[in-house]
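First comes the structure, then the notes that go with it.
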Amino acid sequence: MSATWNILAAIVLLSFSGVPACLMPRRSAAGQRIATLLMVAGSLLGLSGVAASLGGANSPLVQVPWGLPCGRFAVMVDPLSALFLGLVFVVPALGSVYGLDYWRQSQHPATSRRLGLFYGLLAGSMAMVLVARDGVLFLVAWEVMAIAAYFAATVEDDDPAVRRAGWIYLVATHAGTMCLIAMFALWRHATGSFGLEPAQAMPVAVAGTLFVLAVTGFGFKAGLMPLHVWLPGAHAAAPSHVSAVMSGVMLKMGVYGIMRMTALLPVAPVWWGGLLLTAGAVTGVAGIAFAIGQQDLKRLLAYSSIENIGIITMGLGLALIGRSLGRPDWVALGMGAALLHVWNHGLFKPLLFLGAGAILHSTHTRELDRLGGMGARMPVVMVFFVIGAVAICGLPPLNGFVGEWLLYLGLFRTLGQGAEAGFPAAAAVAVALAMIGAMAVACFVKLIGTVFLGTARSDAVDRAQDPPPSMVAPMLALAGACVFLGLFPSFAIPAVENATRTWAALANSASISIAAIAPLGWISALGLALVALVGIFALISRIAFPTDTTARAVTWDCGYARPSKRMQYSGSSLGKSLVDLFAALLRPTSHQPVIHGLFPNSATFKSVVTDTVLDGMVLPLFRSAGRFLPRFRVLQQAQVQTYVLYVVAIVIVLLGVGAMGGQP
Amino acid sequence: MAFVLICFPLLMAALAAVVSSNRVRPWLLPATALVHVATTIAVLVQGTGVSTGVAWLVLDPPGRIVLLQVSVLFLLCSFYAVGYLRYRRDQTNRVFCACLLAFLGVISLVTWSHHLGLMWVAIEASTLVTAPLIYFNRTQRSIEATWKYLLVGSVGIALALLGTFFLAYASLHAGLDSTLTLESLLEHAPRLSKPWLHAAFVLLLVGYGTKMGLAPMHTWKPDAYGEAPGVVGAMLAGGVTSSAFLALLRVYQVCHAAGDDAYTSRLLLFIGLFSMAVAGVFMVGQRDFKRMLAYSSVEHMGILAVGLGIGGPALFGTMLHVLTNGLTKGVLFLSAGNIHRDYGSKSTDHVRGAMQRLPLSGTLFLAGFLAITGSPPFGPFISEFAILNGAFDEGRFVTAGLFLFFLLVVFIGMGATVLHVVQGRAPTDIHRTDYRDGFLTGAPIVVSMMLVLMLGLYIPPPLSALLGDAVRFLENQP
Amino acid sequence: MSTILIHLLLLLSMPPLLAGVINKTKAWFGGRVGPPLFQSYYDLAKLARKRMVLSTTTTWVFRIGPVVTLATVLMAGLLVPMGRFDAPIAFTGDLIFFAYLLGLARFFTTAAALDTGSSFEGMGAAREVTFACLSEPAVFFALLVLAKVSGSLTLTGMLHGPAGGFSAATAAPLILVAIGLFVVLLAENCRIPVDDPSTHLELTMIHEVMVLDHSGPLLGVILYAAALKLFIFGALLLHVVAPFQTGLSWADWSLFVGEMIALAVAIGVVESVMARLLMRRVTYLLTGAMLFCGFGFLLLVR
Amino acid sequence: MTSLLDALLVIVLVMNLFALGTSRIHALIRIVSAQGALLGVIMVLVHRHLTIPVLAVAAAGIAIKGFLIPAIMQRALQQAYVKREIEPLISPLASILLGAIATAFAVLLAGQLPLVNQNDGALLVPTSIATVLVGFIILTTRFKALTQVVGYLVLENGIFVFGMLLIEAMPLVVEMGVLLDLFVGVFVISIIVNHINRAFSTLDTRQLVSLRE
């Protein structure tokens, strides 16, 4: 009981953390500090509740009578929600600390208070979404979250690009909400109440419709391809700590929604899991392919979020298949991988966004091809960024690997060993996962190489330097968590297992145990060994050849007379070969210069990768609608005679419509 | 009670016509409104035992709801009007105040009347007293708007009268002596002659639908709402429409009692969805944000019609929507009026960055937009969601799907305009008028927004009880 | 115990020899005497003694690159069984760990290359990561096939195959996988026809061009790590193409060494008789490899 | 008695056609006022046993429809210097034909409708429907503001005819209210017409097209 109340109190604290600042003068930093203080305090309070309920026992259902015709105020915390709640109580708090200097009140007097208000509201509403056990309450919290995120992301609405991105987001999220409204109405129609308790029996068709509605509605938020259209723009437009929260936590609300609904639905045909597996694979590969094509630091990170959502979805799909076929091991590995990756991505993606924010803060540019050589100027940020990049590529010994490893194990097990039947179609997805892994390496090597390594490509980076401690500390915390979870994954497993058991309504769900199937001990051991080995080697080379005494020279320029910094391999050229590989999907548009004559004038080459779904399909559709619909305006041309004629006409039409029904 | 509610405003209107001071006169509005609200609440608290001697002056639950909504909205608007008229010292507000007060009186009469002929008279009267309000600005455009309002409205309402006569004839045809009081019609409903009843329903639907502004009889609406002052727009969209819908409710009730649900619901769903579609189509790329509000009103009349057409389980949501829609429309029209006054323009070509120039009005306009498009946690969400659930309960999945789709279309069409108005940097080339957000022009909107928010999070038990009564009454259950 | 010792011994000592063998073969085809068999060892020794020069643009990434590569490759070497003997380290899912270790190596090699800010090394890095995106799926198709036929999820288990060796039914898929893996081996280790380790035209290279700026001991480390990688891939491939065993421990070890050298000769032969492909053709080659392994998988599970 | 009633109703129908035929607004107003007055008389004939309400309503009807409203409109007409409806949407002849068709349709339709006590007021329902239709024809085919008001009045007359069948359904107050509304309505409309005339210096509603999408 107390756990739930702690969390509810935390939700209140978070939601209203921005309010005091609104009552204070525009330039006083006190309001922002209070907000951060409230965020941190509330998060700690909430974490205490989470820690209590991760243990497995569901906290009792708290119901408060609610004066609405439909729906009640019913909240409950079970391990599944607790796992996500942890993320909600970690990332936003760190983000608000980061915001103290990143979005300092004195520098943004016009927007800071509004940002603080909606930032807190966003965090609180996300927590509310996770504990809600009633459809209407869920919807309310959900929409508050969406709207708060909109306002937090569009604080800089002077900028047309921000407005556009925000508008696309708003339309997308509203479309998703419409699906969810339909879903909950159908849910009530099928189960007789809005209560989110597991439903007993249900016609397969209804369950299927509910499932599809859930995947669509929540998919909009999670960013499943092709419902991801809003994601890159919004993440690029938002302030970096807001992007961190959106990408690290808010996308996961979509994942949570799908998990919750699949947990509640009684039947689960195999095609559900198959659909999710396919969607996950497509989302993953396409997401990372688009990421490679980006020239904008934050857009790239946003697309890689889409990829990670794809990986999570694969895990969920595997678990669903396991549930349909009654295979606890697949459920354990799939769900374990999904949940673990939810956390992992919730740690390293905010880390990367905060790092990107630090760069943006000091260089005021997000264009990869204007950056470069930041490693020499911002060494601390670079260390964290590299950690984040290695983690997000799923490479050992960091946390990203563990999740993908579990997923691989699960997918390989669907081959079916020895006697037990398999589901090899699922196993083939492992190859997609492998491809994603390799492409992620390509993507983030490009990112690191273009931003931090080499030499500066423009004077934008000249005054760049490491950010103040208040911005470093959150990154430190996140990076530390990444390393810790990478080296000691078994620490997180019990919580994941509990959550998986709550999700899987299997008869033998008690037998679900990840540790039994996956030797995580080896992972830690080898991870530590690897770290030690690298450390020893590095130490040797450091002792044998101290940096200061070793000779220095310019990079070998292959005999070119005057190599300039512009001659470096740019981000676009690094990505080009892969972009060409996926040209069919990415549809890169490039503008080739024509060069003739002995001494040609300076020519420019430029290649852009736009979003195929958004710029190729959605926007044209809207544009044509915008052209077509106004044609109907000829119907309203101010001739009052015509208007009277309409009245006569509709009388006749209505008489006709009435007669159609074959009245006695 | 009835006397106070109906005649007191009319007397005050007469008083307003004789008061000479242009400065004092507006204060008659809040004074009257306060008395009216107090009486209304007294009546509502007094419960069902309210009846006048006359058989055709009864205040039934649906009437209570509309009365409550109109009275509250009028109270807010009256204070706003005082603040508004301060900026319109340039011309006399004698007619304005008198008509506004008279309007309150006749609308109260609508809510009380149980005689369809009387109800028709009252609604026609409401048309006539609102015409000078639309004409308040004395511009060519406002003349045109008034002309169309009067002509289209009168033609429509004339059809309503014909429909009323048909209804009476239906009872005459049933061998009874012809009657138009609701009670006797309900009593003899099953015996009414079907063809005449159906014809009457169509004519009444068209007639009162014209007053509600259902497509395609909505043509006067964008003109009138666009040209009238914001406060008048609020009263039209929150008062006239509700009273006309109340009239439609009476007819629906008679047909329901006659067991003609299939017929009525077919027509209501058709015209309701058609109105939502038309609203969506005309909102796309709408550059005049007051006309846009008019189309939003068309859409919500469509929603009410759909809710009524679904009937049964959706009635609760429909009655609730009367309240939520009326209040939210108040927020939108009043804040839009402020923005219009400040920029001296209501076209998105000139109006940008309202949240910078008018933080209060701009924010309220945005909030009102979110509310009216059915976003939680605002009132309209609850009512529209209840209607949707009703549709599912009735197994009308196609209707529900179209309903949601049109809501989305409207959201997109409306959002583009609203965000364009409130966001961005205010244009510097447009010089500000002398308008500033003041207490009188700000507070009423805030209060009304608070009410909308409250209805989205918590519906007071007495109110939900009242709504329940209304539903039972409409379904002719004792 | 002795197994582990011999494993380590071979792992650490043998790789440079392969390079020597390959070069000898190529020389023989070219009708030259060629460098001595142990030339690579001499080179490494010489490089170890040299000073090193760092580019002024580089950061710690440049120095950590080769180190990480060496560490990861060594660890990967501990996961791959040699001949019929088990690997020192074997646990469920180690195959994925193996693949991702090599991924980590790639990450840091390419990052170190980009650290120099030279366009040529950027070119090499770009090619490296691009081709990996095609060879990686091929490898995993192969792993799926092996896991299916062996029913084990450890490298050791699946490379040794089921108790009675691979059955005839699984021959066809295995052959396809073997071809695919051989191509991947050539690509991953930058051999002809994918890459030409002996050329000095920077534009045409992948691996060599990435390490242009590494000098002295760091270069030595890189060369050694590269040789190790070749050795490991070879050991992995041998299980598929030559799963022979005698039962006698010493005989099996020598058999393994022999097979290894034979493989090196084979590579040498390929390098002598083929020309380097155009860079854009390499993608076709690797796609082909992927398709081979994919068909193998398809044949198996259909 | 009934024959007389029918004769009067026929006159009403003929007046409709006249209204459609004439293009002089002055005459148009005359016709409508005459029609209104005639309806008052018919009202008395319909109800043999004359009661106070009937007489009152009839008197009021004659007064308002026959005299007050025409007076208002004549004043509006004098202020506006238009005498005839130039170029209607369809020519007078065509509108007469249209009106004739409408009347025929009304008669046929009334034959199909389930009517009560066929004997008296046999022509009442068709007359009312026909008049309503004619009103709509005028409303939709004429462009001068005043002409449209006339159209509205014709429409109103048609409804009034139907209302005669149901005098006991409509209490005196309500009946009076209806008439009062009509009167006030026309009054307000005439004021607006005046303003239109002043603001646009014409009564041609084709000029009132600034409010459009």
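Going in written order, the chains are labelled A, B, C and D, and every chain counts its residues from 1.
Basically, a residue touches a chain if its C-beta (ideal position, glycine included) is under 8 Å from a C-beta of that chain, and two chains touch if they have at least 3 such contacts.
The shown structure was predicted, so the numbers you read here are calculated from the model rather than taken from an experiment.
K.L.:
Whose C-alpha centre lies nearest the centre of all protein C-alpha atoms?
P.N.:
The chain sitting closest to the overall C-alpha centre is A.
K.L.:
Based on the averaged CA atom positions, which chain is farthest from chain C?
P.N.:
So the farthest one, by centre of C-alpha atoms, is D.
K.L.:
Which of the two pairs, A-B or A-D, is linked by more C-beta contacts?
P.N.:
When the contacts at A-B and A-D are counted, A-B has more.
K.L.:
Please tell me the distance, in whole Å, between the geometric centres of chain A and chain B computed from their C-alpha atoms.
P.N.:
About 43 Å, centre to centre.
K.L.:
Using mean C-alpha positions as chain centres, tell me how far chain A is from chain D in Å, no decimals.
P.N.:
One centre to the other, that is 69 Å.
K.L.:
Could you put a whole-Å number on the gap between the CA centroids of chain B and chain C?
P.N.:
78
K.L.:
Let me have the rounded angstrom distance from the C-alpha centre of chain C over to the C-alpha centre of chain D, please.
P.N.:
100
K.L.:
Of all the residues in chain A, which ones touch at least 2 other chains?
P.N.:
Answer for chain A, listing residues that touch two or more other chains: 630, 633, 636, 638, 640, 642, 644.
K.L.:
At which residue positions does chain B touch at least two other chains?
P.N.:
As it turns out, chain B has residues touching two or more other chains at 144, 147-148, 151, 155, 222-223, 282.
K.L.:
Among all residues of chain C, which ones touch two or more of the remaining chains?
P.N.:
none
K.L.:
Which of the chains are touching one another, listed as pairs?
P.N.:
Going through each pair of chains, those in contact are A-B, A-C, A-D, B-D.
K.L.:
Quick one: in the complex, what on chain D touches chain A?
P.N.:
89, 136, 139-143, 148, 205-206, 208-213
K.L.:
Could you list, by residue number, the parts of chain B that touch chain D in their complex?
P.N.:
By the definition above, chain B touches chain D via 56, 115, 117-118, 120-121, 124-125, 127-128, 131-132, 135, 140-141, 143-148, 150-151, 154-155, 158, 161-162, 165-166, 168-169, 171-173, 177-180, 193, 195-196, 222-223, 226-227, 282, 291.
K.L.:
Please output the residues of chain A touching chain B within their complex, sorted ascending.
P.N.:
So the residues of chain A touching chain B come out as 66-70, 136, 139-140, 142-144, 147, 154, 157-158, 160, 163, 166-167, 170-171, 174-175, 177-178, 181-182, 185-186, 188-189, 625-626, 629-630, 632-633, 635-636, 638, 640, 642-644, 646-647, 649-651, 654-655, 657-658, 660-661, 663-664.
K.L.:
Using the touch definition up top, name the residues of chain C that touch chain A in the complex.
P.N.:
Its residues touching chain A are 51-59, 61, 63-64, 67-68, 70-72, 74-75, 89, 91-94, 96-97, 99-101, 103-104, 106-107, 110-111, 114-123, 125-127, 129-130, 132-137, 139-141, 143-144, 147-148, 151-153, 202, 212-213, 216-218, 283, 294, 297, 301.
K.L.:
Which bits of chain A are touching chain D when the two form their complex?
P.N.:
Residues 630, 633, 636-642, 644-645, 648.
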